[in-house]
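Here subunit A shows up in two complexes: once beside subunit B, once beside subunit C.
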Partner chain A sequence: MTSTPVIQTRDLTKSYGSAAAVRGLNLSVEPNCITAFLGQNGAGKSTTIKMLLGLVRPSSGEGTVLGMRITDAEENREMRRKVAYVAENKPLYGYMTVEQTIRFVSSFYTDWRADIASKLLNEYKLPPQRKVKSLSKGMRTKLALLLALARRPELLILDEPSEGLDPVGIEHLLQMLVALAADGVTIFFSSHQIAEVERVADHICILDNGRLLVNASLDELRQSYRRIDLVFPVPPPEREFQIVGVERIESKGHEMRVFASKNAEAVVERAHNLNAVSVEVAPVALREIFLETVKEN
Partner chain B sequence: MNVFFKLTTTTGQPLYLQLMQQIRHAAETGALQDGDQLPGIRTLAEELVVSPNTVAKAYSELEHDGLLELRQGSGAFVCVKRRTRSLADHVQVARRRLRDLVERLREDGLLDEEIRRAFEAELLYPAETVRKQ
Partner chain C sequence: MLWYKVWLETRSRFLTSLATLTIFSAVFVHHAEGLQRPEWTAAYNRLLYITQQYIVVMWILAVILLGMGGIVREKATGASSLTLSLPVSRALLLGVHVGVGALEAIILAVVPWTGIFLVSSHAGMPILISQVEFYVLLLVAGGLVYFAMAILVSCLVEGEYTAPAVAFGLVFLTTIVFDAWLRPLNLWRLVTGDFCLDRHTYLLSGRFPWLGALACCSVAGVMLLVSVRVMKRREF
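Let's look at the complex of A and B:
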């Protein structure tokens, strides 16, 4: 895709004292895509999202969201009108009813779309008179989404949206995200749930320990990531397989296991040249890619 | 829509390719007939819970292959030409050849599990590598 990225950062860094939460992040998110931002708890996902939204000031580096600089107060205000954000803890006032919450939030936005709000209220089957504090987690998520979507955002950013939802709730959430993407909304969401990301995401970013380790389309990852299991009569030294694309090599007696992010054919060819008696190439699931990447780091 | 699609995330194959193959297969077997309408991109994406881009990519590649006709505003329609029907014959011939091969490998003493693994490993080679050999 050649279109301008909706999110772009250069060397974005955030340190708290001597601890770096995000280190030299170069992120690029394409429009009209669903991008998943994966990482363990504490990897720096939320800090990154907050920097993008202008809620946390970067220690160094820069970035733009929808072409507007994240550190410029004026441009940030403009950007926040076009971007909707669903925070991890979904802060809502427990004493208000669903209906009161919607009315309250709508008063802050001049471009509020009451028609969308009432359509979603119906679709999500939210009880208007119910107090927020007595809503289930799934309903709270739906309400938070409704509040974000009634502003017709160009970009929707969600921080761990499925946190605390049961499998049915997660399936609903993913369906909602898919429907939004079909309407042309660009979606950027953080998660540590691989299974939910694997189906809906077009693009994957893996963050670990503040660093961006993977930034690729899921199709690419699926097609190029391979685990190659080799058996040798006399095992060659591991360095024979240290070629471009090889991420990791494990040896056990006569067996060797090579993880390649690309170039699997070259590994296979080399194995044949080194007289491997068995060569098995297998695809690697996203879960394994994630665990391998994080282990490497 | 009277066809089931089964997309899995455990094969090393992009979802759009799986979807393409399943639509093609359905057309070859007759589960999808000439003129049948497929669900819209949004509907199918919601049903399968995959990115709309996945469905869009599969549809547009199949249109390029001549198996689907996309009509503005009214969806995707299957067009089964003679070529597709002859593909069904190819598949039948291929199955016979495979059956012979599997039989021979069993006679050589290979277990089914070993044959399956070897088969899957071969399929993971990109098409060009196989041709070169």
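Let's look at the complex of A and C:
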């Protein structure tokens, strides 16, 4: 059975003058998954999220969130009822107190859960009467997260959610994300903290220069990406390993390191044919996959 | 709850303006006590007319400040993402900003004149209520153009200081330009009561300029509609 994607874009493009922030993005986010959206600064992650939420108009292409068109103002407004969003800079109103902020935001959502809000308020040790402008960055992040997590949205979009949180706060957040996903909430989040992503994400999207380079499940990536270290009595030319799936080759004396996104078996076979004296195949961590992907691009 | 947000956002500006205008009204009454002479009526009415000039200046400053803010200002502070992620239309966001701001502007017009009326009556120097109504109506009807212009500027210009500077500049410029070349259309003269003033008695006389007031409301309405269009098309 094929489930309808929660987020789907087709050739979504956003240009600012001659500079393209997002180029022909074809994204598909499956329901009940935690999808991580990775990319360097300026890769187009935040622009993509803003297009999904109707904050920015696409230059071309189209997209849907929960089946509603992102470019239709009415559908987009309806969609926002079912989506919780925490922006990168954790925007809040400095002139409101913590309590006023919670009361204000909660009034817009029928899925607001006062019990969870109260629980998080205590856990995060947020002072209800304190003005938001006098909160520390970490506390502001916690309040922004509270506003999103105290609901039962169908989709939770988080842009750099752990930024500003201490290790305890990060741990708590990750546990919350996993629990929400288990509860049927689809989570789409961008992050630079790859170790965190690797802990919770089911699916990985890597964006670079506005282009989607990787869109696969974490398990698929772990299974297909390999680092192969080879030692030869007489080093062969690198072109011998330029086969499908090989992303990068590094040679140093008699040693050669091949980084393959797939087809590792073919690389090993070729190495044996070229009389390699040592062949070591190792799995690749997500950090390395990310770095290799954006470096290659 | 949007009105609550706008109130929290604007209340310090509103209350400061209200306090300033109230203090000014008290100063007026205090000054008026020195006019207890046989020929005081004309001088007193002239003082009322001059008072309206000062109230208009302060009121315009206040409504321009009240018109500032909103989503574009929030873009500069980063809070627009939170506002725009709420399940409400941009038109409604702007509409509530306009509604609360307009109500505050009306209160700022009514309170000082009510204060002057009450304190003057109490001090034995009663003012004709029709004169007070005339001044307040002129201020509100004509002055809404200034408020609408402030809203429009706040939708077009982002900077915290740039937007009010542009709005104040426009008020200053249009007043000078209209006074030099299009005096009958000079809004400033309409709002201050200059067009309706009897120079002998210093009373506002004749019929209320309903046509002028209607024209002002129409211009304000057009500016607000343009603001909604700008807001709908704007990217954040």
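By our rule, the second predicted complex is superposed on the first by the 271 of 297 C-alpha atoms of A that agree within 3 Å, B and C clash if a C-alpha of one lies under 4 Å from a C-alpha of the other, contacts with A are read in each partner's own complex, and residues count from 1 in each chain.
FYI, contacts are C-beta pairs under 8 Å (C-beta built on N, C-alpha and C of every residue); 3 or more make two chains touch, one makes a residue touch a chain.
Worth saying up front: this structure is predicted, and the values here are computed from it rather than measured.
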| item | value |
| --- | --- |
| Touched partner set for A:E154, first subunit B, second subunit C, both or neither | neither |
| Which of subunit B and subunit C A:E265 touches, first, second, both or neither | first |
| Subunit B versus subunit C as contact partner of A:V178, first or second or both or neither | first |
| First (subunit B), second (subunit C), both or neither touched by A:E78 | second |
| Touching partner for A:V200 - first (subunit B), second (subunit C), both, neither | first |
| First, second, both or neither for A:R226, with subunit B first and subunit C second | first |
| On subunit A, positions contacted by subunit B and by subunit C | none |
| Residue ranges of subunit C touching subunit A (in the complex, touch as defined) | 1, 4-5, 8-9, 12, 74, 77-82, 84-90, 232, 235-236 |
| Partner subunit A, residues of subunit B touching it in the complex | 7, 9-16, 41-42, 45-46, 48-54, 117, 120-121, 124-126, 129 |
| Subunit A residues touching subunit C - in the complex, by the definition given at the top | 50, 53-57, 73, 77-78, 80-81, 83, 85, 87, 89, 91-96, 100, 103-105, 107-109, 144, 147 |
| Touching residues (chain side subunit A, partner subunit B) in the complex | 32-34, 171, 174-175, 178-179, 181-182, 195, 198-202, 218-219, 222-223, 225-226, 264-265, 268, 279-286 |
